[in-house]
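Heads up, there are several structures right after this.
Both complexes shown next keep subunit A, but they swap its partner, so subunit B is in the first and subunit C is in the second.
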Partner chain A sequence: MKKVAMLLTFVMLFLCGCGGKASGTTPVTDDVVTLRIANSEEYIDEGGWDASETITLSDGQKIRGVDSLVNDFEKWYQEKYGKKVRVLYSTYGTNEDLYNQMTLGNSFDLVCPSEYMIMKLIRENKLEPLSKDFYNKESAYNYYAKGVSPYIFKRMKGLKEGGKPLTDYAAGYMWGTLGTVYNPSKVDKKDASSFRIYLNKKYYKRLTIKDSVRDTYFAGLAIAKEKELAKNGADISKILNDTSQKTVDQVEDVITDMRENAYSMETDSAKQDLVTRKADASLQWSGDGVFSINQAEKDGLRLCYAVPEEGSNLWFDGWVMLSDGVKDDKDKKQAAEAFINYISRPESAIRNMYYIGYTSAITGGDDPMVEEYVNYVYGSEEKNAMDYDLSYLFGKKCVIKADPDQLDRQLFAQYPTEDILKRCAVMKCFSNQANRRVSKMWTNVRCYRFPWEKRR
Partner chain B sequence: MKKKRVLPVVWLIIVYTFLYLPIAVLAFYSFTDASMIGQAGHFSVKNFRTLFTTPELLNMIFGTIVLALVVGVLSTVLGTFGAIGAFYSKKRNRNLIEAMNQVPVVNADVVTGFSVCILLVVVLGINKDTYIPLVAGQMALCTPFVYLQVIPALSQMDHRIYEAALDLYCTPGQAVFKVVLRQLAPAIGSGFFTAVTLSMDDYFVTTYTKPAVFDTISTYTVNATKGAQTEIKTALWALSALIFFIAVAVVIAANVRSRRVENP
Partner chain C sequence: MRFKRSMLGIPYVIFLIIFVMAPLAVVFVYTFTNGSGQFTLENFLGFFKSSRTIATLVYSLFVALVTTVFCLLIAYPTAYALARSGFKKKNILLLLAVIPMWINFTLRVTALKEVLDLVEGNLAYYPFFNTIIGQIYDFLPFMILPIFNVFDEMDKSLLEAGRDLGADRKSLFLSVILPLSMPGIASGITMVFLPAMTNYVVLDMLYNSTYIMGSLIGSYFNAYDWHNGSMVSTILLLIIILFSLIGKNKTQNA
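Showing the complex of A and B:
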């Protein structure tokens, strides 16, 4: 309603003939901090859960998203910091949309892009580093410092841009892998556990791949480089970030064949195609994988998730502050960091995971709540329950007793094991030249290359 | 005689099936609890309930309507007076204005939207939060259509009435408001509705010029279809069905009314 009210105000001003002077921005009084947050669509708990959806953990704690996390944060901030904050929350479709919005006149204070976009923004000097106190575990409200998974933190710290680790700027939000969702009654697990499946004629026109250059390039790269990846002691990260002209040409050939073998190149329809049985296997992000598996289950179809063994993609999205928004504004920066901390509370992390299906970077530290949530969702007391070791991720002993069936399914998609992640690499931000090469390749694949054209 | 009519009828049926089947499928599924098209589901009005109880959706719908009305009124005023002014200008000027009016009509929306964004936001530095780029951009889209509706009515009008009004001691202003505008009322009305429809329909201009926190039905829908959450997505089916029903109702009502006018 606020927005509409503003629109009406604008009309009044315009009709009075002083539209040009109307600054129209939200009335900012001294004691209210306005925080402009942009996040991917449907990437935070928006509340409105039915009472039946309440999560009851083994220690009797109940978690239910009644109001949205953003509204809850506004209340919490006033309670704890004694200051009013007003969040202007907006959403975008892709990282690139966000970047375009930022260049075309929208300004934000806190955004949540993927790792490569964070690197690009660091490179362009657009980010404000997190304050020193942010990682101080002594501070009562520093839920992020206390709760972030040590493993994810380490992987993020290993990513550097201009000599600075990503963790100087970004707080991890969600993370996951790139893998294959498949229908086990039609596809062998062994086939699904390799990117080779996308060239396998056995599944001709029964596969979907992503209509997005970075994801499909990654799959093509892993196929083109499979021999190098299989070598002992191969530097997986280096191989899976190769964008030399020679490699790009090889990948172009591979992707042309993948396209030929695929039922569709999609960004969103694969979940539906799997459930309606138009496709048997599909290249998916782990979180979408969990979602597809859950949806299919409701429809009586069993789907599984596999991470290709030759090496796959590890990605994460993180919160970063934009310097043209929060620079020189202490109150704003404090509110922005408080927001990160608020949504990093174990309870918020659980609400988000339940609502959106992705895996939070928060494992709770000393607080056992997240572990209990994993147990609540996946734990089993059956005799055949198997130990599923997540100690590496939680940074403390954490073994879930899970139904063996889950080891190929939601649990595995949401929480892969350490040996899988060891074979996963983060795909960094391309350099401008590499970007040009890869984009050209993509245009060739999408528009010019016909299957009957000769390979190079 | 009768046999001859079969083929055209069959052809018409094919054409209309092609046009309406997708909408019918969507409308059908909006009354089920299925989360995907093609999935089996049971009858349910859950989608309509979500549509009318989610504040985010209601805000977005209300915002779209307010924006459309605002843009509609402003474009109608601008387009009408533009048309009157151009009509009574010298032939050369009128031709020039006419040609320039064609440009936004022929131009792709995405070009208009992007140009407005570059000019107002990037070059002139107007803040998108003021809604000025949004309203100005949509007006750039809608005004030419109002102009195009008013011009024919002007050329059909009897200009002696205007002169008669002046002879009866009207000021030129009074003559325009009391005489000319009244003659043009039907054309202005249809121009207004065209503008409102165009504004509600527009995606590209809006997406380039809107403030980040404001969404119209079209920009919201494009983003919502990218997310995984199905509750909102299926509620948008209900919204599409509703818009379709309203459009059908309006068309039927208009037809019935015009028929009554024709044969009283």
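Showing the complex of A and C:
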């Protein structure tokens, strides 16, 4: 009977051992490069479009996601580079989930975190720099170098960690702003154009804020510092990255009031609550805003998007290579950079934008395809159409003729004007100490307070 | 070696070691260490020094207490009525009481959310009330089942004996039925009270943004603070042990 017990033990151990590795058990031969990619959920075109969804651009070109971009890449790579690549694609929920997965020993080659997480990874020496040739515009397949929006590239280059600009490591993927999606029949545009709305008693329990420390801290910070932000020539980026104890205390008071006034602190229920008219305004990322507005339109509700004028958040997600995955493996690095370039082709960027609703960092460079796509979606030939200037973003003359209504809605959410972006700052990675201060503040805000206890 | 009956337990023991004992050991290690791996009681002391975390503990206990009391008030007569009804009907009735457990929990709370919203107009005005309704909805079957079982197995002749000896309805209940049903009540309370302290999904889904103990653990873990997260888990564990000991005494006394 001892044998039975031993056997059982082995079976158990075997089962345990398998669990962790289920995805990578197929043997990989030498001539196939395996690329382990991790990305946010639903953050890339997964194909399967109906024929009716085909995008037809003005020059007659048709774009349709039949297969997923990942599968298309595998085919394209073999065709162009004559090598086989196998992509192991996995997803994660938040930047923190990705980081936790990495600490728990899951390794990847190419991941797509947000700017602050990229900075954290650079600080911890976990990233492999992009190769020199990556930015060489002469190379035929360097679609990223040729297509990235010069404006976004400049903003990314302005972000430095340990003296090194982010662009040394990261290729921009999607970007956007933090703003307010609101129901214009209930909320004034003027009210929605300030973070103050989240303290406005007029909308008591009709507002949603984010159940996320960084986003809500940002909103609270902008309110606490509104006077400084309004000054002429204020260093917006510096003010909106303030995590000193004094500031954190001030923000704690603001967020406590915001929570009092809010309908909910949500992670993804706001879209639903806006559509069912339970909430009138909600703090959202621009991409989710576009999605909410589209969704509501189908249900016959008109929603708008506003970026708070005191100064808001500009964010972007970027592809970075992890050094424990690609270091000392030339083939892998080549495949990883080829992947970035493949999804940076104008056609891929359009497929992604159509599929996920966010704004691609790719504007196409000399290729007019992306501009034509923006025209296809938002262009209007009506008499009252207004000029909407996106030249700053495209790095060449680009004026869209759009329905005036769109200036408060999807077009504005997806492609804000330069004036708006000038008032937007990137929220950098907090230092460990600041992180502790902010988390403690967050716990204080969320924990129960006895009725007889005074506010801090 | 000859087969012994105790060997049937081997798979369970292995399971216990890998999935219960080992994680618990990890939790303990994290509870009593700091970021650089040194032994410390700072995590624990920090919890009891901060009025915020103490308030959260009190709030969780209060939520759990109110939930348990109302579950008991509803479940006790229900279980009694179920157990005393005719045989055929009884199982169907019990089934009706337990069927909600078969439906996915998030689905139920989502439906409840819509109902509450309809009744209240704005869900966010009554977060505490909503939480209690949600918790009762979620945990009621766990209170009904154990109490139903003791009623079902209760020796009817004891009731008859009581009546023969001249007990009126009130004293029959107080001196026969209630003491006999104590084990069911005790196990119902342990099944409701402790989970109700940590079940923050109900609060999240019904838009009560105040933390209870479960959410506190989650928030520490989200900020990579394994030490404080584990510390809160350990405190919960101590409370569970305390309550089980009290529950055990009560059952034995009865």
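Operating definition for what follows: the second predicted complex is superposed on the first by the 421 of 456 C-alpha atoms of A that agree within 3 Å, B and C clash if a C-alpha of one lies under 4 Å from a C-alpha of the other, contacts with A are read in each partner's own complex, and residues count from 1 in each chain.
FYI, contacts are C-beta pairs under 8 Å (C-beta built on N, C-alpha and C of every residue); 3 or more make two chains touch, one makes a residue touch a chain.
On a predicted model such as this, the values are computed, not experimentally measured, just so you know.
In the superposed model, A:Ile356 makes contact with subunit B only, not with subunit C. Measured by the number of subunit A residues touched, the leading partner among subunit B and subunit C is B. Within the superposed three-chain model, A:Phe134 lies out of touch with both subunit B and subunit C [touch as defined at top].
Of the two partner chains placed around the shared chain by superposition, neither subunit B nor subunit C is touched by A:Trp175.
Residue contacts after overlaying the shared chain place A:Asp268 against subunit B, while subunit C stays out of touching range.
Shared contact residues of subunit A with subunit B and subunit C: 1, 4, 8.
Residues 1-4, 7, 10-11, 14-15, 18, 51-53, 55-56, 58-59, 117, 122-125, 204, 207, 209-211, 215-216, 219-220, 222-225 of subunit C touch subunit A in their complex. Residues 1-2, 4-5, 8-9, 12, 16, 96, 99-100, 205-206, 211, 213, 259, 262-266, 278, 435, 439, 442-444, 446-450, 453 of subunit A are the ones touching subunit C in the complex. Interface residues of subunit B facing subunit A in the complex, by the touch rule stated above, are 35-40, 54, 56, 59, 62-63, 66-67, 70, 74, 117, 121-122, 127-133, 135, 208, 211-214, 222-230, 232. By the touch rule above, subunit A contacts subunit B in their complex via residues 1, 3-4, 6-8, 10-11, 14, 19-20, 22-26, 36, 38, 40-43, 46, 48, 88-94, 101, 104-106, 108, 267-268, 271-272, 275-276, 287-288, 291, 295, 298-299, 355-357.
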